[in-house]
Amino acid sequence: MNSAADLARPHDQIRPVEIECGYLESNPASVLYKSGKTIVLCTASVETNVPPWMEGRGKGWVTAEYNMLPGSTSPRKRRDRSGKVDGRTTEIQRLIGRSLRAIVDLHALGERSITVDCDVLQADGGTRTASITGGYIALSLAVSQLASNPELDPAVDPAAVLRDSVAAISVGVIGEDVVLDLDYKLDSAADVDMNVIMTGSGRFIELQGTGEEATFDDAQLAELLRLGKMGIADLTQLQAAQLRSS
Amino acid sequence: MNSAADLARPHDQIRPVEIECGYLESNPASVLYKSGKTIVLCTASVETNVPPWMEGRGKGWVTAEYNMLPGSTSPRKRRDRSGKVDGRTTEIQRLIGRSLRAIVDLHALGERSITVDCDVLQADGGTRTASITGGYIALSLAVSQLASNPELDPAVDPAAVLRDSVAAISVGVIGEDVVLDLDYKLDSAADVDMNVIMTGSGRFIELQGTGEEATFDDAQLAELLRLGKMGIADLTQLQAAQLRSS
Amino acid sequence: MNSAADLARPHDQIRPVEIECGYLESNPASVLYKSGKTIVLCTASVETNVPPWMEGRGKGWVTAEYNMLPGSTSPRKRRDRSGKVDGRTTEIQRLIGRSLRAIVDLHALGERSITVDCDVLQADGGTRTASITGGYIALSLAVSQLASNPELDPAVDPAAVLRDSVAAISVGVIGEDVVLDLDYKLDSAADVDMNVIMTGSGRFIELQGTGEEATFDDAQLAELLRLGKMGIADLTQLQAAQLRSS
Amino acid sequence: MNSAADLARPHDQIRPVEIECGYLESNPASVLYKSGKTIVLCTASVETNVPPWMEGRGKGWVTAEYNMLPGSTSPRKRRDRSGKVDGRTTEIQRLIGRSLRAIVDLHALGERSITVDCDVLQADGGTRTASITGGYIALSLAVSQLASNPELDPAVDPAAVLRDSVAAISVGVIGEDVVLDLDYKLDSAADVDMNVIMTGSGRFIELQGTGEEATFDDAQLAELLRLGKMGIADLTQLQAAQLRSS
Amino acid sequence: MNSAADLARPHDQIRPVEIECGYLESNPASVLYKSGKTIVLCTASVETNVPPWMEGRGKGWVTAEYNMLPGSTSPRKRRDRSGKVDGRTTEIQRLIGRSLRAIVDLHALGERSITVDCDVLQADGGTRTASITGGYIALSLAVSQLASNPELDPAVDPAAVLRDSVAAISVGVIGEDVVLDLDYKLDSAADVDMNVIMTGSGRFIELQGTGEEATFDDAQLAELLRLGKMGIADLTQLQAAQLRSS
Amino acid sequence: MNSAADLARPHDQIRPVEIECGYLESNPASVLYKSGKTIVLCTASVETNVPPWMEGRGKGWVTAEYNMLPGSTSPRKRRDRSGKVDGRTTEIQRLIGRSLRAIVDLHALGERSITVDCDVLQADGGTRTASITGGYIALSLAVSQLASNPELDPAVDPAAVLRDSVAAISVGVIGEDVVLDLDYKLDSAADVDMNVIMTGSGRFIELQGTGEEATFDDAQLAELLRLGKMGIADLTQLQAAQLRSS
């Protein structure tokens, strides 16, 4: 694919999304998030302490781990068991963690840690943005559970902990076209790839635009940002609808 | 629980099993296997070569990897990223691999490798036996796919490759009782824990009976084996029914 | 060897055993254990604390480490220095530890740790069972030393700590025959290999029967268990005689 | 510092830059690059082969490694000797490598690898952007050396290999202000931090804007980009002047 | 080179030495030490605690780390990032640490740790002896800074902490000749290589004479020691002059 | 012990030595070497290839590995299983290897590797020198075996391969005294510790004199060397006698 001409959907429209909250019976804060063929299982786990370097500050912590299951790709992806998490994995899980923390009031959370695990069951492009978008829902469910725990004193106020929502989407330049929400095939064809991470209220959390062996100009940047904002708006609506009904 | 008195099901009956073949669109040899609350995603991946130490013998290889996702347990299980796969994981994946190889004719497979990945999404006891029982189905689906590939010369004959089926179940001694198919609560209460791995035709592949800080006598051994065989017979039927309909 | 016909000793008889207690001057709880050509140096070391996860429970801990020296095999075995203890080693040392703990009353031991090191100087099959049988003697010597220490308050009662003795032996199926105590050559020829670990009083601690690329039926299982029990009885006598004279 | 009011230089001006080419006698492609108090030693090393996964494609490879010396910070920074390069280091060296490759024609380079090492002798903020800006000069010197080697057939054409130049600078939001080229103190105070990496001809290679526990809007983004472009223009001039005189 | 005949300088004379104290603005205890083409950056960092195994003894600790930068050699030296510091590096940094501790009164230092980092920017032989000779200067500067800190109670007395100075030099046997201060070319040609480490007052701290695939006799030993002492005397003068003027 | 006054043997006499060749039935080149209470098992293993970096040069390779068994010390020594061989172990095994290679003609050995494993069963000081002295005997036995192999063409000539013998001994300064052959208690009391490694014909291979927190002068050096040579002469005789009778 050297242009977006063959794209089955309009170039400014995201892939179909399916969200299943409470997928694991043992953890209500578990979300099976599907974006097209990409499937990510996001689970949020709460611990009643924080990492040693944060103790005694009256603040909580939110972090994320990302992993692709071996069967999520074809050919099979080798497991990260060498003791060296590969560079791509490290970058992605740091990005997910930063993005989630940007909308959390860590003081309102209290001295608790929430780990959001994003395990990719099937990978067809956009696994990092799906992890952020689905991870926010898992995080939100975990905070709601904390809020409904009558034993916590002081009680956790979910509206105070989560100051906003967060969603993420990719956009890319393919030949002359700018396309929203790159699946694996589009991503492979893209000259420039940008991840847009924004709050539900429309502010930027993170922008990562990369031209591997390519570059882009001001006009392309403007169009990338325009499409990215459209995608974020759609995802924000889907997240809100899902959380209202859980 | 100090006896099997509170058990919701008869002590000689297995938990309800659900099997979903082709769970991942990108890999038909993928099986979502549920035994009670235990959920394992088994995927079989074929490579057209064998490990270096097996090259040139005209034989194939079957191996397995086992992993529990962090969100599969509560509290959350830390990922194995230190470069040291823990002893329990190593033992389990070696057991799964041996059990599957026991019913495979590696010469009939040809110089190909099949890796069966068993990723535990939710853990409630019996994850290693579920991995074997579900892993056999994924392996069988992968062999069928090879057989239906018209380009392979010589063609792969699934009946020659898979000489039998394999299933596994746990049995345990709890106080005075012997109980079939231990979930997490039963397993924690058991004085003796035995894994029975058998072929569909009723022969033993592996027996592992362990009394951690406890021991057992001949009569208990006989009853453990009797119940184990009953469970294996049930699982063998379920596997066959599922594979006929896929 | 495809049958047990060429076996130099009767198929139901163990190899000659030699036991040297106090082999190292610096540690009386050291045992040089020889079974045929297999030589294992077993040393038991006592520490006056327990692992962090066991502190404050008033119980002790017994664990084991297993290692083959590079010169113990031909060709030379590479040292485990990669930071990854291989799967086989991990399995064996976990087995030795479980087997020893099965006959120890950890409360009677008090908050102490005993590590039993089993270093194989020469390997000719049966190193894991020799490690258990010899390791029990080293453990027993270490407990006796604790008991004779007048400074410990309360005093350690060896009869309370060691509720029984433990020994281990292998049995196997070679062609049509069932054979006791497999040396390297027999083990390589065996279709089925079973390790039988029992107390001196005749109860099972652990049974591990494995058919790598083979299976076994009820009749074979019965014969494997019959021979295994005979071997255990012989080893139990040898252990007792040795400990009486130390 | 909660605003840019105390800034010693205008908020839209970069720190003073010093560049020393050929710093190491043994490697002419070595550059000591100073930006304010930040000092990075950049060396480019050429090898006459490419990584295994690139062999036989007639293309070269450019990669980078980044490291902070223990004495570069106060308190002392521990060395990365655990076998796990930390996530920040991994991200930075991947970024440097991508940025350099964006302006290299790997086919024109031929089957050669160039590794650009960026070792930070003194760190005062902006080490990654200094590594890219200084790393480009080292890369350029290495390519010139290849070009002046009369034994290479075909000869290497530096104008073909280096399609453009590359420079990088940081910009940030501090309270209400947008500031160019953040030193350590400014970086610690910034709510939003953006790295701008551009070609000498004014095209974007990479944009990384991050709000850790903060967000930014369209107007701030526009100002960040405006200042970033000004800084890049200045650095591009300095690079060119330096390379003309070497 | 099979003899010392082509040597540009007299065989009993050291290479030209340049010493730049306070090379890094952020750490006054930083020394750029050049011996011929060998360049080592030595920085001494003080921490106000000691390693856990030394706590509560009222003594301090001095240790060293040694590293060669990738660009310090041609061809480029790979970084030690595998988690295994190579044997040569380990030996060298242990030697530097021991040599510095030999002249330090650890009680007079108090419960503080000083780490001397020796990072080789350019390597042309003699990097370990340059690290010791330059490392002593960095250590001395760090102790002076401690002494000038009016807040420390009790005050640190530099004359009590540093009982003597330390310097190091190599000597070697090349064919029939004994040569002082081996650069890379001489070192490669040497049959016997000896490192002499002495105090400023003329006592031995460490002697390491090694004949790789060669041996030496009493007469050669005497000449090696004679030249070594001459070199040490020269270096001791240079160190003292430099420290007086800093 | 602050002087050598309490020493049970004369200060210029080595500890009693016992040497058992062919200790392991499976490897004739195995030596149990005892020096006082120190016991080292030395085994030499021959491989018919050399490390990759030595291939095709028509030369062989000799290397050594050193390890202390956990039970060799009291308290128990932890195993090196972290993937990081500790610095002391690395230094010692490099020293053993260099010392053995100094008397081997690697060309006469042909493209073969000999690994000498030195496993310390009981440690009472002097384990590295015992490893060299015993390791030479194991090496010599391995070379003799090669020489008696009629299938090798060209035949291996042991007199050509082993140009000399090698032995090692420690000497130390304790208070005012210089003492030969330090056991653990003497070694702990020593201010200066020197290892002397010499050929049977009286030439130096390696000298390592170290004053940890102490120094030594010319007169002490002379006495250390005098005693060291006496010890080497005794060990050389014992080695020769043992090898004649094997």
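The letters A, B, C, D, E and F name the chains in turn, as written, and every chain counts its residues from 1.
One rule holds in what follows: a residue touches a chain if its C-beta (ideal position, glycine included) is under 8 Å from a C-beta of that chain, and two chains touch if they have at least 3 such contacts.
Heads up on the chains, UniProt names are A, B, C, D, E, F = Ribonuclease PH.
In this text, all values refer to a predicted model and were calculated from it rather than measured experimentally.
With contact taken as defined at the outset, there is no chain that touches chain E as well as chain F. Counting hops only between chains that touch, chain B reaches chain F in a minimum of 2. In this entry, B-C is the pair from A-B, C-F or B-C that repeats the interface of E-F, since more than half of their contact pairs coincide by residue number.
The chain with its C-alpha centre at the largest distance from the centre of chain B is E. Chain B and chain D, compared by their mean Cα positions, are separated by 52 Å.
Centroid to centroid, with C-alpha atoms defining each point, chain A and chain D lie 29 Å apart.
Centre-to-centre separation between chain D and chain E, using Cα means, comes to 33 Å. Shown for chain A are the residues that touch two or more other chains, namely 83-85.
Taken pairwise by the contact criterion, the protein chains form one closed cycle in which every chain touches exactly two others. The ring sequence of chains is given as B, C, F, E, D, A, with chain B as the starting point and chain C next.
Within the complex, the chain A residues that touch chain D are 83-85, 87, 90-91, 94, 98, 101-102, 106, 164, 194, 199, 202-217, 221. The touching residues of chain E, when paired with chain D in their complex, are 24-27, 30, 37, 39, 41, 43, 45, 47, 65, 67, 69-76, 79-85, 115, 117, 119, 121-122, 124.
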